[in-house]
Amino acid sequence: MKTVFVNPERCVGCMQCQVACAVEHSQSKNLYQAVFEVPKPRPRIYVAPGLYLNTSFPNKCRHCDPAPCMEVCPTGAITRNADLDIVVIDGNKCITCAMCAMVCPFDVIRYYESATVKLDKTVAVKCDHCIDRQRQGKVPACVEVCKVNALVFGDPNEIAKSAAGRLAKLVSVATGAIHPELPRLPATFEAWRKWGEESGKVNER
Amino acid sequence: MSDTFEHLSSAKDAQKMIRYAHEEHIETVWDRLAAQEPQCGYCALGLSCRNCAMGPCRVDPFGDGPQRGVCGADADVIVARNLARSIAAGASAHSDHGRDILETLYQTATGETSAYKITDVDKLKRLAAEFGVEAEGKEPAELAREVAWEMMEEFGMRKEELTFAARAPKPRRELWEKLGIMPRGIDRENVEVLHRTHMGVDNDYVNILLHAVRTSLSDGWGGSMVATEVSDVLFGTPAPINSKANLGVLKADHVNIALHGHNPMLSDVMVRAAQDPALQDLARSKGAAGINLVGLCCTGNELQMRIGLPMAGNHLIQELVIMTGALEAMLVDYQCIMPSVVDVAKCFHTEIISTFDKARFTGATHIPFDPKRGIEIGQQIVRRAIENFPNRGPRVVIPDEPVDMMAGFSVEAIVGALGGTPKPLVDAIAAGHIRGAVGVVGCNNPKIKHDYGHTTLTRRLIENDILVVVTGCAAVADGKAGLMTPAAAEMAGPGLKAVCQALGIPPVLHMGSCVDNTRILVLAAALADYLGVDISALPLAGAAPEWYSEKAVSIGTYVVASGIYTVLGVQPAIFGSPNVVNLLAGGLNDVVGAAFAVEPDPEKAAVLIRRHIEGKRKGLGLPFVEPDTIVMPE
Amino acid sequence: MKILIVGAGPAGVTVAETLRQHDDRVEITMLSGEPTPPYSPPAMLEYFTTGREVHLWRGRDFAERLGITYRAGTTVVAVEPAQHTVRLEGGETLGYDRLVLATGGRLYTPIAGEEKPGIYNFKSLTAAEELLGRVRSGAARSALIVGAGFIGVEIALLLADLGLEVTQLVRSRVMRSMLDPETSQIVLGMIEARGVRVLQDDAADAVAFVGDARAEAVQMRSGDVVSADLLVAATGLKPNVAYLHGSGIETKWGVLVDDHLRTNVADVYAAGDVAETFDRFTGERYVHAIFPNAVAQGRIVAYNLLGWDTAYEGADNMNSLKHLGLPLMAVGRMTGEELRVQRGAELRKLYLEDNRIVGFRLVGDVSAAGIFRSLMNRRADVGPLRHRLLDPKFGMGTVIPYTAQ
């Protein structure tokens, strides 16, 4: 089962994932038409500002198991898709009670009018892991547009393995055995990040 | 969010007004910055390119994703092109401002307008000499017409070298010549930037940046200098004058009019129109005690420098001043005027009046300025403001008492204060009473606590016997902070304090608006010439702790290209290219003898500057402190 | 193993589903006092206003799908733990190996005459159908709601939307137990704006339902009498425990259970609105009758029935109101230091004790609610984040780098 893995240290806050997500969940699936659609297509991933300038975090549904939102939904509108392991909301069953948002520890559920729901009201909307795209063998839209690998699609075990590899390299550096291929962030990029933190701390004085 | 708002501004008047805005749900620049966060990292790093329709493109700063745009441009080329375009935008803004003033000088000389007169004939004569115009036996108007005509060619294509570039010390000019960056026609350099950064023209980042530097020189030693010099001819060369600053300059019982922007042409007329007895009577008939003009941003600086007009505030005050509820009209010309002032004004009775056809604001009243009917238009605007006085709401909030400050330190005034020669200043520097001089300049930026960068850096510098000269928003910040009175010498180190007290001057000298950074160049050149060295040898530095504008990018670049080390408080959009960063923050030293540094903490910036100055002192063989022994705060 | 579940509300349904998910052989019988398939009380309003059958949250084929015995319209009148049997109305007895009590609660108003006919309720589908039937038939044109808790307000808004002249008695303030005075006042304004007439203080101090055969009006302590076509009791909720009298199963307000949701009697469990559990945060014993608590308790009971020793973390004190026009959330306590921000119609309030969130109230903008709740339940020290908690963009971007530091 594949999932979207987030590398927050790589997020540059460009919000392209948000745009791609909204377009993917539009009726036309075309940026230039989507901006004119009613209801307005909405993203299901949110690039949140970090603690300081020049940091950001792409926040989306983790498709938890067990999923708190699913457990508290009083109409059974939230279910888990068995084959792809995706927590999905059937907006047509939503009564907008907001219980799901209240228990989601990641704050990824919003209330919008949705083109796929023929009700004249807002309903709970969240990431569906681009289930339609996955069925076509594509990666989720947010991952496709992320050019900095802040969002990666893959098997969690594989990703964890490569993350463990990265960690091992870091440890080897810490113990003095410097690995030549350590994927360090470029120094100027780190300087850019650092400015955000420094200026923030100066302002808080 | 902290409810004291101390993290947004260090100025008490601003803190109170930001709180008021928050309580009244009036959106301000700080709200909009928060709403914009996170801001796009590609753009912030300079790695996005929208120059053509094969794009838009962006380069992955981490090296895994795309490393080239569709055209093949890599991070270096994209960053350099973007930076060059920023510099051209800033240089164009200053230069177009200079051109407008120059046109007015020409129209004044030919009699097409009677709103202005040739105020500083001596300066006109000095300019005539520089531009090769024979002054002997000519009336000021005739001389002005010929000088203006010649000066217009600074913008043209017949010159291989700008006339004002001759003001730079010889070694500097030779360096520019050698590097191929001697500025030619102002418009030419700017157009050439646009040409070179078009897809498929200049594809070498160093070559692009060299031309960008040349373009900035066409601003500092060209367009901006035209603006400063011609403004002095028309409106008078500033001399020391007392003034006041902060939102307390608004008067609850007066018709208040704020003059906002950068070009003082109409504002100069406004000052005269407001003195019209008929309009004064009209104001009294509406229940006002009188008419009170106040300045904002650099239009304010221009007027404060020359007539001591009270200064309401700098860039980030422009929305807050409307919220006092005491402003009948805000007259805007151009540059740095937030479109949002129109929206804030909708919550109050304030009328926003735009005056330049090239700078219109949806929702504002547009009264196009025409120098030929200058005084008439000025009176019309003052009348509108008076008639708006009865529309004032019940709640007027003037958050503070004004602070005294001194303005008017043109180069002529500084040299005058020194007794007609730079020698006393050079002697004081040589003896080490004054360690050096620093220009603290530039804007406000909501990313930096308002005024904190300017005032903190200035305080640390004067405490360490470094003379500070200021322009633009920095001048307003330091003025409000009480650093710009002769009494403020008490805050300076012993050496600087003694010099200031002997001369009766503040330790922080107001040199004008942001085009007036050229006064700093002229002063630096005069010191270098006096000592027979290049500017880069002098114990000088520049700082833009809170800059935001493309104009500031141009200023910073021409200052560095003129040989002065410059510390920026905010990052330029170049960090996506290590090559460009390394060039601007280091490599440039070997090219133009100065480079940039970026440091958001003014306490640390002060140390960087002190180390630099001591290093330069060492180089000149003057008494020095070993730079590395100056401790960098944690 | 035979498991008997009394009640088909969210708690009972969750017990059955969880059992079946992990054990396809266990014999499950579910009794419902009502003639319908299992339904979801929070979804009833939606059903009545739109006709969408969203309240049948597990579908009409619930019993077949799970392979359980489902007996609708069956009322238990006694529990006989010694025999491991329950007695039904009509005399039939049913045996069990394990018994789950999930009989829910009902709305009530503790004043004289509360037992009279003609007082309507909204806690069960049957009761609500009866009430709505009167509205639809045109027999009722006005309504009087006694009480202004979450359900009382929802009923008032529903009836107002259906065109009735609605009067609501608010003795102290709207949703007193869940809302602080300021938020309460905002809600009051919103319900009045929706056409509900609100009587307050002495004018709302009801002492009796009056009327001869049926209750027809409410009498106040002042002597004033307010009549309406429909009288709705909505002061509070009372667990349905009458049938346990004499069974030896210990009850106070509701059925007392331990941290494994076991009653004092062997093999008998309780879950949902009938169970008196404890607050996850304060440990205080109470019945907080909300859907998520019922489901969570149902799951715990099922796990323990399956032999997995699982303790209950405690009930959540929270609620949200959906029909106001603006979302409203109330979570946790209203004690300690109050952080507050108002932006137009939006109001956000956080309550902190020792730099730990103990509760919050959100009106309009409910973003970050889940994060606040998560920080609260983890008792996280939010000291360094204090000045950011009420930022419009406070969220994961703020919390993750903070917790990672």
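Miscellaneous remarks
Note that the chains take the letters A, B and C in the order they are written out, and that residue 1 is the start of every chain.
In the analysis below, a residue touches a chain if its C-beta (ideal position, glycine included) is under 8 Å from a C-beta of that chain, and two chains touch if they have at least 3 such contacts.
Note that this is a predicted model, so its numbers are computed, not measured.
C-beta contact counts were set side by side for B-C and A-C; A-C has more. In this view the innermost chain, defined by its CA centroid being closest to the centroid of all protein CA atoms, is A.
Distance from the subunit A centre to the subunit B centre is 43 Å, each centre being the mean of its Cα atoms. Subunit B and subunit C have Cα centroids lying 64 Å from one another. Centroids of subunit A and subunit C (each the mean of its C-alpha atoms) stand 33 Å apart. Residue numbers of subunit B whose C-beta contacts span two or more other chains: 7, 34, 37-38. Among the residues of subunit C, those touching two or more other chains are numbered 388, 393, 397. Across the assembly, subunit A contributes residues 47-50, 55-56 that each touch 2 or more other chains.
Chain contact summary for the complex, subunit C toward subunit A: residues 10, 40-43, 45-46, 50, 54-55, 57-59, 291-292, 295-296, 299, 318, 320, 322, 327, 329, 331, 366-371, 373-374, 388, 393, 395-398, 400-402. Here subunit C touches subunit B in the complex through residues 341, 343-344, 387-388, 390-393, 397, going by the rule given at the top. Interface of subunit A with subunit C (complex): residues 8, 46-51, 55-57, 59, 71-72, 74-77, 93, 95-99, 101-107, 109-111, 119. Partner subunit A is touched in their complex by these residues of subunit B: 7-8, 34, 37-45, 58, 60-66, 447-449, 452, 569-571, 575-578, 581, 598, 600-602. Those residues of subunit B lying in contact with subunit C across their complex are 1-2, 7, 25, 34-35, 37-38.
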